[in-house]
Amino acid sequence: MTTRIPDPVFTLTTGPVNCYPEVLQALGKPVLYDQDPAFLQTYERVNLKAQAAFASANVPVILQGEPVLALEAVGASALSKEDVVLNLASGVYGDGYRSWLEPHAREYLEIRVPFNEVIDPASVAAMLAARPEIAVVTVCHHDTPSGTINPVKEIGEIVASGKAIFVIDAVSSFGGMEIMPEDVKADIFVAGPNKCLGCPPGLSLLAVSDKGWAKMKRNPNAPRGSILSILDWEDAWKREKPFPFTPSVAEINALEAALDLYLAEGPGTVWARHALTARACRAGIKAMGLELWAASEDFASPTTTAIRLPEGIDETALRQTMREVYGVVISAGRGATFNRLVRIGHMGPTARPIYALIAVTALGSAIARMSGKPCDVGAGAAAVMAVIDSMT
Amino acid sequence: MTTRIPDPVFTLTTGPVNCYPEVLQALGKPVLYDQDPAFLQTYERVNLKAQAAFASANVPVILQGEPVLALEAVGASALSKEDVVLNLASGVYGDGYRSWLEPHAREYLEIRVPFNEVIDPASVAAMLAARPEIAVVTVCHHDTPSGTINPVKEIGEIVASGKAIFVIDAVSSFGGMEIMPEDVKADIFVAGPNKCLGCPPGLSLLAVSDKGWAKMKRNPNAPRGSILSILDWEDAWKREKPFPFTPSVAEINALEAALDLYLAEGPGTVWARHALTARACRAGIKAMGLELWAASEDFASPTTTAIRLPEGIDETALRQTMREVYGVVISAGRGATFNRLVRIGHMGPTARPIYALIAVTALGSAIARMSGKPCDVGAGAAAVMAVIDSMT
Amino acid sequence: MTTRIPDPVFTLTTGPVNCYPEVLQALGKPVLYDQDPAFLQTYERVNLKAQAAFASANVPVILQGEPVLALEAVGASALSKEDVVLNLASGVYGDGYRSWLEPHAREYLEIRVPFNEVIDPASVAAMLAARPEIAVVTVCHHDTPSGTINPVKEIGEIVASGKAIFVIDAVSSFGGMEIMPEDVKADIFVAGPNKCLGCPPGLSLLAVSDKGWAKMKRNPNAPRGSILSILDWEDAWKREKPFPFTPSVAEINALEAALDLYLAEGPGTVWARHALTARACRAGIKAMGLELWAASEDFASPTTTAIRLPEGIDETALRQTMREVYGVVISAGRGATFNRLVRIGHMGPTARPIYALIAVTALGSAIARMSGKPCDVGAGAAAVMAVIDSMT
Amino acid sequence: MTTRIPDPVFTLTTGPVNCYPEVLQALGKPVLYDQDPAFLQTYERVNLKAQAAFASANVPVILQGEPVLALEAVGASALSKEDVVLNLASGVYGDGYRSWLEPHAREYLEIRVPFNEVIDPASVAAMLAARPEIAVVTVCHHDTPSGTINPVKEIGEIVASGKAIFVIDAVSSFGGMEIMPEDVKADIFVAGPNKCLGCPPGLSLLAVSDKGWAKMKRNPNAPRGSILSILDWEDAWKREKPFPFTPSVAEINALEAALDLYLAEGPGTVWARHALTARACRAGIKAMGLELWAASEDFASPTTTAIRLPEGIDETALRQTMREVYGVVISAGRGATFNRLVRIGHMGPTARPIYALIAVTALGSAIARMSGKPCDVGAGAAAVMAVIDSMT
C-alpha cells in the first residue's frame, strides 16, 4: 500500500479552490430523486438566486459540468456555419477558445495581444468597422493563466452598437469583482461556481440575453439532445418542466449554499475583500523585489496574482518546495505561461487579506531557499500588513 | 417566500438514489487543487479501486458527467462514418440510444422487441451472420424504464466470435448484480456511480477493452479536446499525467467512499441483498394482485421492480399520493412506459429487504385509496416478510 | 482485526435516536473558540430559540451533558437538608430518581404505582394535604421504560396551589407532544435534545421558573464551581458573560439546527406526526394480537410504544433477530421492565407514520419466527396503514 | 434580527481548537442507539485506540464531558477524608485545582511558584520527606494560562518511590508532545481530546494505573451512580457491559477519527510539528522585541506560546483588533494571567509552522496599530520563516 500524501495546509490556487465550510456541509445533504417535487423546487430556487447574483432579467442556465463544458457548448450552440467570429485573445484561455470556435464558424478572426497585456477596445471597434458581418465576438474577461482583466465593459459598449452577440468567459472573475452580464452587455456570459463562489468543480452558470437566446435558436447547428446543448436547458429551471437529463443533485445543493453566502455577505463586500487581498499580495511581491506578470497593475486581477518567475527558478520545483516546506499550494502557469510565472488565487474563502501574507512569505522564502540568494521576506510580510492596515 | 416542500421520508427510486452516509460524508472533504499531488494520488487510487470493482485488466476511465455523457461520448468516439451499428432495443433506454448512434454511423440497424421482453441472443447471431460487416453492437443491459435484464453474457459470446465491438450500457445494473465487463466480453462498458454504488449523479465509469481502445483510436471522428472525448482521458488516471480539464473533485472523493464500501462489503454480498430485496418486492406485488411489467420474472431486474399500472390509475397522481400520505417516493415510467408502470428502485443503500416492505405497502395502500377498491396490503406485507424469512 | 458489525438499516429506539440530516450537518460546522464573539452570539441565540420552543418567560439553561447530568444536578441544586421531597414513581425512571433525591433531603416520600399505571393526581393532593411541609415534588412525565405519560398538568395545578416547587423530567416527551413548562406549572423542567428534537446525546435543556431559581439560590448546599451546578450557568447565555467552563461547541451547533427545524415545522405539526405514528403503531400491535404494556391506551406515550413480551420470548434474542433479519433496532426494557417488554421509539425524524409499519412488521415477523406460532403480520401492517389512511 | 458576526479566518487558540476535517466529518456519522452492537463495538474499539495512544497497560476511561468533569471527578474519586493531598501550583489551572481537592481531603498542602516558573522536583522530594503521609500528589503538566510545562517525569520518579498516587492534568499537552502516562509514572492521567487531538469539546480521557484504581476503589467517598463517578465506567469499554448512562455518541465517533489520525501520522511526527511551530513562533515573537511569558524557554510549551502584554496594551482590545483587522483569534489569559499575557495555541491542526507566521505577524501588526509605536513585523515574519527553513 502506497503511503498517502498528506493534504497541504493551505490551498491558495486559482481553482479548484477551497470551498466555504457551508458549501462542504451542503454537499452532504440527502440526495433526492431529481423529479422529486422538493428537488424541483430547489432547482428553481437556485436558479432564481443565481439570477439575483447576476442581477439579470433572464433566469440563468446551469450546465452539469465545469466551465469547459459551458465554453464548448457556447461554441457549438452560438456559432453557425454562416458566421464570422471574432475572438479576442490576451492569454492562454482566450487563445485556446479558438479550438471550440473555429470548427463551427465560416471564418475565424482574432485580435491578439501579448499575454501580459489586455485587449484595446479601439482595436475591437476597428475590426468591427472593417468586418461588419462579424456575428459573434468572444472574450475571456479574466485570463486566469495571466491574471489579467480585459476591459469588457468598454468592449461590450462597442459590440452592442452592432449586430454581433457578445460572449464573455467570466469563469474566474464573476463573484470576485464587479462584473455582471447586463452591465457589460454580454449576450452569453459564462461563470464558474468553482472559482470565486467557493464551490467544488462540476457545474457552470450561464446568463443569456434575449439576443443570445435568439442567436442560438436560429442556429440550425445548435446541439439538441446532447450534453453540449444549451437550448435543451432553457426552461429546465421551471419546477413543472422535466430535466433533459439528471442534474448533479449534490452540486446543486452546494451551489445554493454558495449563492446564499454571496448574497447574504453582499456582493460589494465580497468584491472588496478580493480586491484588498490582491492589492496586499501585489505589495508584498513587489517589496520582495519580485515582478508581477501583468504589464500594468491597472489590469492585474483582483482574484489572481501572477508573478513572473525569477531567472533560474523552475516552476515545478518552486511549487513543490512551497508545498513541502510551508504547506502552501499555489497554481502553475499553463501552456504559454507555464514555467514563466506562478499564480496565487484570491478566490472565495481565500479572498481574505491575511492569506496574502501566507502566500507572499511562503513564495519569497522558497525562492530564497532555492536560489541561495536573499529575498527580503520580512519586507514582503511588512508590505502586505501595511496595505491591510491602511485599508481597514 | 414560497413554503419549502418537505423532503420525503423514503426515496426508493431508480436513480438518483439515496447515497450511503459514508458517501455523503466524503463529499464534505476539503476540496483540493486538481493538480495537487495528494489529489493526483487520490485520482489514481480511485481508478485502481474502480478497476478492482470491474475485475478488469485495464484501468477504467472516469468521465466528469452522469452516464448520459458517457453514452453520448461512446457513440461519438466508437462509431465512424464507415460503420454499421447494430442496436438492440428492448426498452426506452435501448431504443433511445439510436439518437447518439445513427448520426455517427453509415448505417443503423436494430433488433427490437416489446418493452416488457428481452433480446433473444439467437436473433443477434442471425443478424450478425446476415450482416457480417456490423462493426459495433450496442445494448442496454438493464433497461431501467422497464426493469428488465438483457442476456448480455450470451450475446457477448456471440459478438466476441466476430469482429464487432460490444458496447454495454450497464449504468443501472453494475454494482447491484453480477455483471462485470470481461465476463460479458464487453469492449466498452458504461457504469453509473449514481445507481447501485450509492453516489450522487455527476460521474460515469467506463471499462474499455484493448479492442475497444483500438476501435476508438482508429476512428478519425473520435472527439478530442471535447467534453465528449474518451480518448483524452485514457491516461489521465496516472498520477504523472495532466487532466484534460478539471475533474469533479468532490464527486471523486464520494466515488472513492462508495468503492471502498462496495469492495469491503464484498460484491457477492452486495448483489445478494439487491436480489433478495427485489424478490421480496415482487412477491409482495403479486400477493396484492398487482402485475409485474416484465413478461417473465426470469428477467426481472434485481435492482428495479416495474409494476404495471392498474386500469384507471394515473401514474402522477399515484406517486403523489404515495409521497404525500406515506412519505415514499418511487420512480415514474419514461417515454413509452410513462403512465403505464411505476418503478421501485433497489439500489445501493435501499437494496435492503425491509425497504421492499415499505414500497409494497405504500403502493398497495395508495392504489386502494385511489381506486376505492380493496387491495390486500396485509397480504402484500406478509408475502414480503415471508420471502425475507425464507432466505435468511 | 475484528470484523466490523454493520450498522442497522433502521434505528427506531427511544434514544439515542437517529438525528435529522440537518443536525448531522450542523455538527460538522467549524468549531470556534468558545470565547469567540461569533460563538458567544450563537450560544445566546440558541438559548433564545430554546426559550421560544419552551414558550417560557425565562431564558433556559443548557447543561453540557446528557439529561442524567441535569437530573442529578437538579437533585443536588434544588434540595437542601431541610427539605421533604415527594417523588412520584410510576416507572423505572421515576423510581430511580430516588437515588439523586434522597441523599440531599431531610426526608424522602414517594407515591408509587405499578409500572404500567400512571400517578393519580388525587393521591398527590392527598399527600400534600397530609404533609404540607413538602418542599419539592418530582415526577417523570414520560417514563420511557414503560412508555406511559403522567398527568402532569393536573398534578401541576395541585402542586402550584401550595409552596412546593414542581420538578418535571420531560426528557423524552418534550418536543414530541404538547408539554411546555409554564403550561404545566413546572418550576424546574428538564428536556433532552437527544430525544424528540433529534439531536445526538450530550446536552440537556432546563426551564426554570422564578420560584425554581429562588429555591436553588436559597439552598446553601446547591453546587457551585462544579459540573453539577445549575446556578453557575444562570447568566451564561448572555453574550457578555463568561462560561463557567467550555461548552460543547459542536453539540450547541447541532441543537441550533434542531431548534430551527422544530420551530420552522411548527410544534403542533411535529406533535401531530408523533401522535399519528404512535397511534398507527398501537393499532398494528393490537391487530397482531400482541399486548400493549400500558394498562390503558389513554396514557400510552405518543413518543414510545411499549409492548409486553409474549410468553416464552426472550427480549435480547427478539431484538437480535429483528436487527439481524430485518435490520431494525428497537429499545430494550430497563431495570424492572427488562425482559418484560420491548419499546419502539417515535421520536424526531422517526416520528413519521410509515416507520410504524416497519416496526410493527419486523416485530411481528420476529416473534413468529422465534415462537414457531403464527403472528398475523399482514393484519398488523394493514392496521397500521388503515390508521394512516384514516387520518390523512 | 441581529446581524450575525462572521466567523474569524483563523482560530489559533489554546482550546477549543479548530478540528481536523476528518473529525468534523466523523461528527456527521449516523447516530446509533448506544446499546446497538455496532456502537458497543465502536466504543470498545475507540477505547483500545486510546490505549494505544497512551501506550498504556490498562484500557483508559472516557468520561462524557470536557476535562473539567474529569478533574472534578478525580478530586471526588481519588481523595478520601483521611487523605493528605499535595497540589503543585505553577499556574492558574494548577492553583485552581485546589477547589476540587480541598473539600474532599483531610489536609490540603501546596507547593507554589510564580506563574511564569515551574515546579522544582527537589521541592516535591523535600515535601514528601517532611510529610510522608501524603496520599495524593497532583500537578498540572501544561498550565495553559501560562504556557509552561512542569517536569512531571522527574516529579513522577520521586512520587513513585513513595506510597502516594500521582495525578497529572495533561489536558492540553497530551497529543502535542511526548507525554504518556506510564512514562511519567502517573496513576491518574487526564487528557483532553479537544486540545492537541483536534476534537470538539465534550469528552475527557483518563489513564488509570492499577495503583490508581486501587486508591479509588478503597475510597468510601468515591462517587457511584453519579456523573462524577469514574468507577462506574471502569468496565464500560467492554462490548458486553452496559454503560452507566448514555455516552455522547457523535463525540465518540469524532474521537475515533482523531485517534486514527494521530496513530496514522505517528505520535513522534505529530509532536515534532507542534515543537517546530512553537519554536518558530517564539523566534518571531522575540524578533519583534516582545517578551515571552515563561521565565525560561526551557519550559515554554510546544502547544502554547504565551506572550507578555506590552505596557499599555489592553488584552481585550488587542485580541479584538487581531480578529477584526486580520481575522485571527488567539486566546486570552485567565484569572491571574488575564490582561497580563496573550496566548497562541499550537494544537492539532494548527500545529503546523506556517500558522506561527500568521499569529506572529497579526500580533505584531495589531500591537503597532494600537500603540502607535513601530513593531518590526517584518523581522518577526523573517524569524519565523528562518526557523522553519533551518529545521526542514
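Letters A, B, C and D name the chains as they come in the text, with residue numbers starting at 1 for each one.
Convention: contacts are C-beta pairs under 8 Å (C-beta built on N, C-alpha and C of every residue); 3 or more make two chains touch, one makes a residue touch a chain.
Model, not experiment: these values are computed from the prediction.
A.B. asks: Please identify the chain with the largest separation between its CA centroid and the CA centroid of chain C.
C.D. replies: It is A.
A.B. asks: Hey, which pair has more contacts between C-betas, A-D or B-D?
C.D. replies: The greater number of contacts lies at A-D.
A.B. asks: Between chain A and chain B, tell me the centre distance in angstrom, where each centre is the average of that chain's C-alpha atoms.
C.D. replies: Centre-to-centre distance between chain A and chain B: 34 Å.
A.B. asks: What is the distance, in whole Å, between the centres of chain B and chain D, each centre taken as the mean of its C-alpha atoms?
C.D. replies: Averaging C-alpha atoms per chain gives centres 52 Å apart.
A.B. asks: List the centre-to-centre spacing of chain A and chain D in whole Å, with centres computed as mean CA coordinates.
C.D. replies: 44
A.B. asks: Out of chain B, which residues touch more than one other chain, so two or more?
C.D. replies: Those would be 6, 24-25, 28-30.
A.B. asks: What residues on chain A touch chain B, complex-wise?
C.D. replies: 2, 4-8, 11, 13, 15-19, 24-25, 27-38, 41, 45, 64-66, 68-69, 72, 99-100, 194, 200-202, 225-228, 245-251, 254, 323, 329, 331-332
A.B. asks: Report the residues of chain C in contact with chain B in the complex, numbered from low to high.
C.D. replies: Those residues of chain C that touch chain B are 6, 9-10, 28, 265, 324-328, 352-355, 357-358, 361-362, 365, 369, 376-382, 385, 388-389, 392.
A.B. asks: Quick one: in the complex, what on chain A touches chain C?
C.D. replies: 21, 24-26, 28-30
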